[in-house]
Structures are given as structure tokens and as C-alpha cells.
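Next up: the structures, one after another.
Consider the two complexes below, in which subunit A is the common component and subunit B and subunit C are the respective partners.
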Partner chain A sequence: MHDHPHPNQPDEEDGPFTEYRLLEVALRELLIEKGVIMHAELHKTYQMMDDRGPHNGARMVAKAWSDPAYLDLMRRDATAAAKSIGLEPTWLNLIALENTDAVHNVVVCTLCSCYPWPLLGLPPDWYKSRAYRSDVVQNPRKVLAEFGTTLPETVEVRVHDSSADMRYLVVPKRPEGTEGWCEEQLAELVTRDSMIGVVPALTKEGL
Partner chain B sequence: MAHKSLTDYRGVHDLGGVLCEPFAPDEHDYAPWEKRVHAVRELLATKGLLRVDELRRAVEGLGEEKYRRLSYYEQWIWAMTQIMLERGIVTDAEIGARVEAVRARLASDG
Partner chain C sequence: MADPLFKAGDKVRIRDAYPIGHCRTPFYTRGLTGEIERYCGSFANPEELAYRRDGQPAVPLYRVRLPMQKIWPDYTGALLDTLEVEIFEHWLEHDN
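Let's look at the complex of A and B:
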């Protein structure tokens, strides 16, 4: 099931064997035969990749919304905050960016595709696209509008450029009318795109 | 005065603020082969055999035409292979022979 717009690259199950796909098989086989990597390690990596996704980042955001001490830790050391709830990215230098009534944060990697993937999974194509990387720093409001996000002129938009050594996680504003919700309920409001900063969190009605 | 191309003054990858294409927020579900490329890269990185800046340097060395034409994981597998060659972990001859062997195997599998 796909709920996203028509892709540039098809949702195909492997598709035809291109030269680059042949190269993928060739390099992987050689690395395994030479003992550089092992089958078991590779399968463990596939499993780790499957466990990653926006549900991890959403847990952090929901906890930050609920627990002032955790929000404080996220502000000071987001890597430690991830680690403290058992999330994987101990190696990642993570900065949490809090959206407020005055400031809206959005994340890009202008040079390539750096992204907090242990917390959000693999990035969507558009995040890696030439157009996003180029345009969001030049005209962020126009790009946000493509996602249906329009912000009042009084809100300052800050664009953060990721690097190999530094990744960002946006903490969207907590939606109104969610007082008394538990962390699990709140986490359902926190989408991948809201943690990149291109949309707000879902509303109670939008769930 | 002749119009300067992107690479006249900055790297082909260095796209911040260079308005070039209309933006559309599309995406696709990653194919299994793309996930395999990602997993092998990650494993090589954890073993200290492939740094992320090294991979990017190789991707940036693709040249403008290929940089634009190749898909993301096509860029990655090409760049990963370059780094493995540079580090002497595999040789050109081994890669070439294995690509042909895989091609033949797939052809005989029909």
C-alpha cells in the first residue's frame, strides 16, 4: 500500500538487473568470500535496519512533550536522551530542535543525505533530491508549502544543514487538546515528516 | 558572457541555494537491493573500512553527468566499490570477473 505521491523511482520489487545491481551482487559476494564481512553480520544489520523507523524518534518526542526532565536532557544532549530510552544511535551527534510559536525548524543535508536514520529509518527520496537540497535553504516557505505547511510571517523559519558528524531531530509543537494523553498516544501524532520539520505533528482530529 | 555551469564554481553535489529544479515531495519504497547496499555500507563502516566522508568524496567524484543520472544507491555501490579498490580490499580484476560471473549465472537461471 502506498500513500505517497507518484514516485520518480518506481516501487518495484528489485526490477531488472542493471550494471549497478550486478556490481552490488559482485561486491557483496567478494567481501563475504574474503571474510571482510560475514553472512551473520549482514543479516543482523538487515534486522537492525528493519527495527529503525520514525517510531523511534516519535518515542523521544512524545517523552519530551510529557516529561520536563527528559525535554531538558534533549535540549542539553539529545544523543544521551536517545540512549537513555534504549535507542541505538550512541555514535550519532544528535541535536534536538524545538518548534515553538516563534520558531519553526526544518532539516536538510545540502551536500548529500545525512539524516538521523537510526531514529527515522531511511530518508525519503525527496529529502535526498537535488531540488529539496537546493531550494529549502533558499526559499524554505515555498518548499514547506509543497507539504501544505504555511506559517505566519511572524514565525521565524530556521533551516539546519546536517553533516556526517551532526544530525538533527525536530521536536514539533505538541498539538492542542492532547492534555492528559499518555506517551504512547502522543507518539502516534508524531510523523516522520514532522521530525524533519516539513509538517506539524498530526492533530487529534488528523489521527 | 557565457553562462557558467554549476561545476564552474562549486562541486556538483554542493546544491545549497542553487535553484535548479521544481521540488516535488515524492518517494518510493526501497527495493531489497538498495537495502542490501545500505547494509553492506553500514557494516563496512562499523569495521572502520569505509568512512561516510570517504563515501561522499567518491560519490562527488562521479562527475556531473553520472551524478545527475544515477540513482542514489547506484551512486553508493559505485562509490563503495571505488573505496574498496583504493583500500586494496578487492581488485579491479576480481570485480570485473565477478560481475561477468553473476551476469552469466542470472542468464542461465533464465
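Let's look at the complex of A and C:
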């Protein structure tokens, strides 16, 4: 038993019922009533939006690590590669950026917050911050170091400013000691931040 | 849709222009020279879309590779560091 009171957690209904909420409810109910859209379609859309997340990008990366033909497709047409495993970023013009011993890629949108939503979900707040957007194009090695990523001078740091219609997915280097791992195991190592390019994939020990 | 004027490897200059209105050419890239990394396809012109026009005809879009040392003369990273940015064709001219 509690001997002290708890404040009520605010619930969605506790906020003001604004004109916009009223408009949304009225429009939605009218569209359903008139048979323009169906409940089932709405739920499918909600579910599709909620399903966006880094697990999608991680599946692509893990497959690229495991399957040379898929990696080749990623290099040539990353949008087709996404579609070929059942992901549907139909509006997305995707470019895969492969990290190697020679090149480390990192992505930013200096103009706003362009980001491959279907594959990574909503962007983290730091990705949208003015500090990241201005610093990473001017001093990428310093920014990467703040994320704990230090690269030798012999590795080219390549910053990608997502300034127009293309979206980018970094393919981090496959961690050592993961020979023989299946795609599901490998996908566990692929974090959101490693697909933006600010950190490497997790190591076997880091799991 | 117009054929692309540039191809991968072409040396280009990003126009040093400051028109009024919306555009997607970052300030820090204007006036710089670099190399076409790839042609990305043609897309509705964002400078028109911003004012609710249809942005047609579509404009060829490229990724331009710029050496960091050219963008920032006081760059302290490695000499081989680069930046790639998407630039629409009407912002580019041949750099001979």
C-alpha cells in the first residue's frame, strides 16, 4: 500500500481540445461515413508509420554484409535493394554509402533535417540541432570524436550534405569476429547512429 | 525533361549567386569548384515548389564532390577529407 499520493499522469484527453483536433476528427469521420476511406486503411497507415525505424536499415546493412550480390545492388541502386527485401520506401531516392578502410561517410542535412525516415525512423534531436548541422560540415573529425569515433589521417572523412532529393544510408564496416553470423544476429550490431555515420557498428563485445 | 549537361568526373563551379527566395544550394558551397560525383536523376525545381508551383520541367540534380580544404581554408582535418552535396543543374557551370 502507498502512504503518499501520486500526481495524475497527464493523459492525451487532458490537453485542450483544439480546433485542429476537432477538424481532424470531423474530417476523418466524414470521410469514413461517405465511404472515401475505410477504417482498415487508416489502421494500415498508422501501422506503417509506427513500423518505421532503424530495424529496417539494419536489415539492409546485415544483408549487404552477408550477401555480395545484395551489396552490389545496394551500390548500384539502393532504393531497389530496399524494395527487394519488402521495404517500401517508394518515395525515397536512396544512396548507400559504404564505409571502408579508406573512407568514412557521415550524413547531415545543413538546410533542415532530411533523413531516410522509412529506414531509420524519426531523426534524433541532435541530428536536427544547429550545432551538429553547422559543425559536422566544418569540422567533421571533431564532431566524430565527440561521438567517440576517432579516425586516422589516412582515412578520408566524407561528409554528405543531404541538401535536396536524395536520402542516405551509411553501411558501416562489418565488425571483426562475426564470421559465420546469420543476418538476424548481424542486424543487432547495426545501430541508428552507425547508419548516420557518427559511430561504427557495435562490436561483438559491445552487444 | 532535359538531358543532363554534366557527367561524373566533370569539373564544375557552383554559381556564386544570391537570388531572393527559396533555394537548396547551401551558402557555404557557392562560388566553389569541384567535381561531379554522379547524376542523381531529375527532380521538380524546389525554387518553384516553394511557391506552390509544379516545379516542372524537372531539373537535373547532381552530387558535387568538394575538397574540405577548398571550402574551409583553415580546415584542420586531413588533406584528403571531402564533402558531397546535391546541387541542381542551373546552379552549375563548367570549370575549364
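One rule holds in what follows: the second predicted complex is superposed on the first by the 160 of 207 C-alpha atoms of A that agree within 3 Å, B and C clash if a C-alpha of one lies under 4 Å from a C-alpha of the other, contacts with A are read in each partner's own complex, and residues count from 1 in each chain.
The criterion applied here is as follows: a contact is a pair of C-beta atoms (placed from the backbone, for glycine too) under 8 Å apart; a residue touches a chain by one contact, two chains touch by 3 or more.
Because the structure is predicted, anything quoted here is derived from the model rather than measured.
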{"item": "Subunit B versus subunit C as contact partner of A:110, first or second or both or neither", "value": "both"}
{"item": "Partner chain in contact with A:137 - subunit B first, subunit C second, else both or neither", "value": "both"}
{"item": "Of subunit B and subunit C, the chain that contacts the larger number of subunit A residues", "value": "B"}
{"item": "Subunit B versus subunit C as contact partner of A:29, first or second or both or neither", "value": "first"}
{"item": "Partner chain(s) touched by A:153 [first = subunit B, second = subunit C, both, neither]", "value": "second"}
{"item": "Which of subunit B and subunit C A:179 touches, first, second, both or neither", "value": "neither"}
{"item": "Touched partner set for A:101, first subunit B, second subunit C, both or neither", "value": "neither"}
{"item": "Which superposed partner A:164 touches (first subunit B, second subunit C, both, neither)", "value": "both"}
{"item": "Contacts of A:21 with subunit B and subunit C, given as first, second, both or neither", "value": "first"}
{"item": "Shared subunit A surface residues [contacts with subunit B and with subunit C]", "value": "110-111, 137-139, 161, 164"}
{"item": "Residue ranges of subunit A touching subunit C (in the complex, touch as defined)", "value": "93, 110-111, 137-141, 153-166"}
{"item": "Subunit A residues within the subunit B interface of the complex", "value": "2, 4-15, 17-31, 34, 36-37, 41-42, 45-46, 49, 108, 110-114, 122, 124-126, 128-139, 143, 146-147, 161, 164, 198"}
{"item": "Complex interface listing, subunit B residues touching subunit A", "value": "13-33, 35-40, 42-44, 47, 49, 52-53, 56, 59, 68, 70-74, 77-78, 80-81, 84, 89-90, 94-95, 98-99, 101-103, 106"}
{"item": "Sites on subunit C touched by subunit A in the complex", "value": "24-26, 28-29, 40-41, 43, 46, 61, 63, 68, 71-72, 75-78, 80-88"}
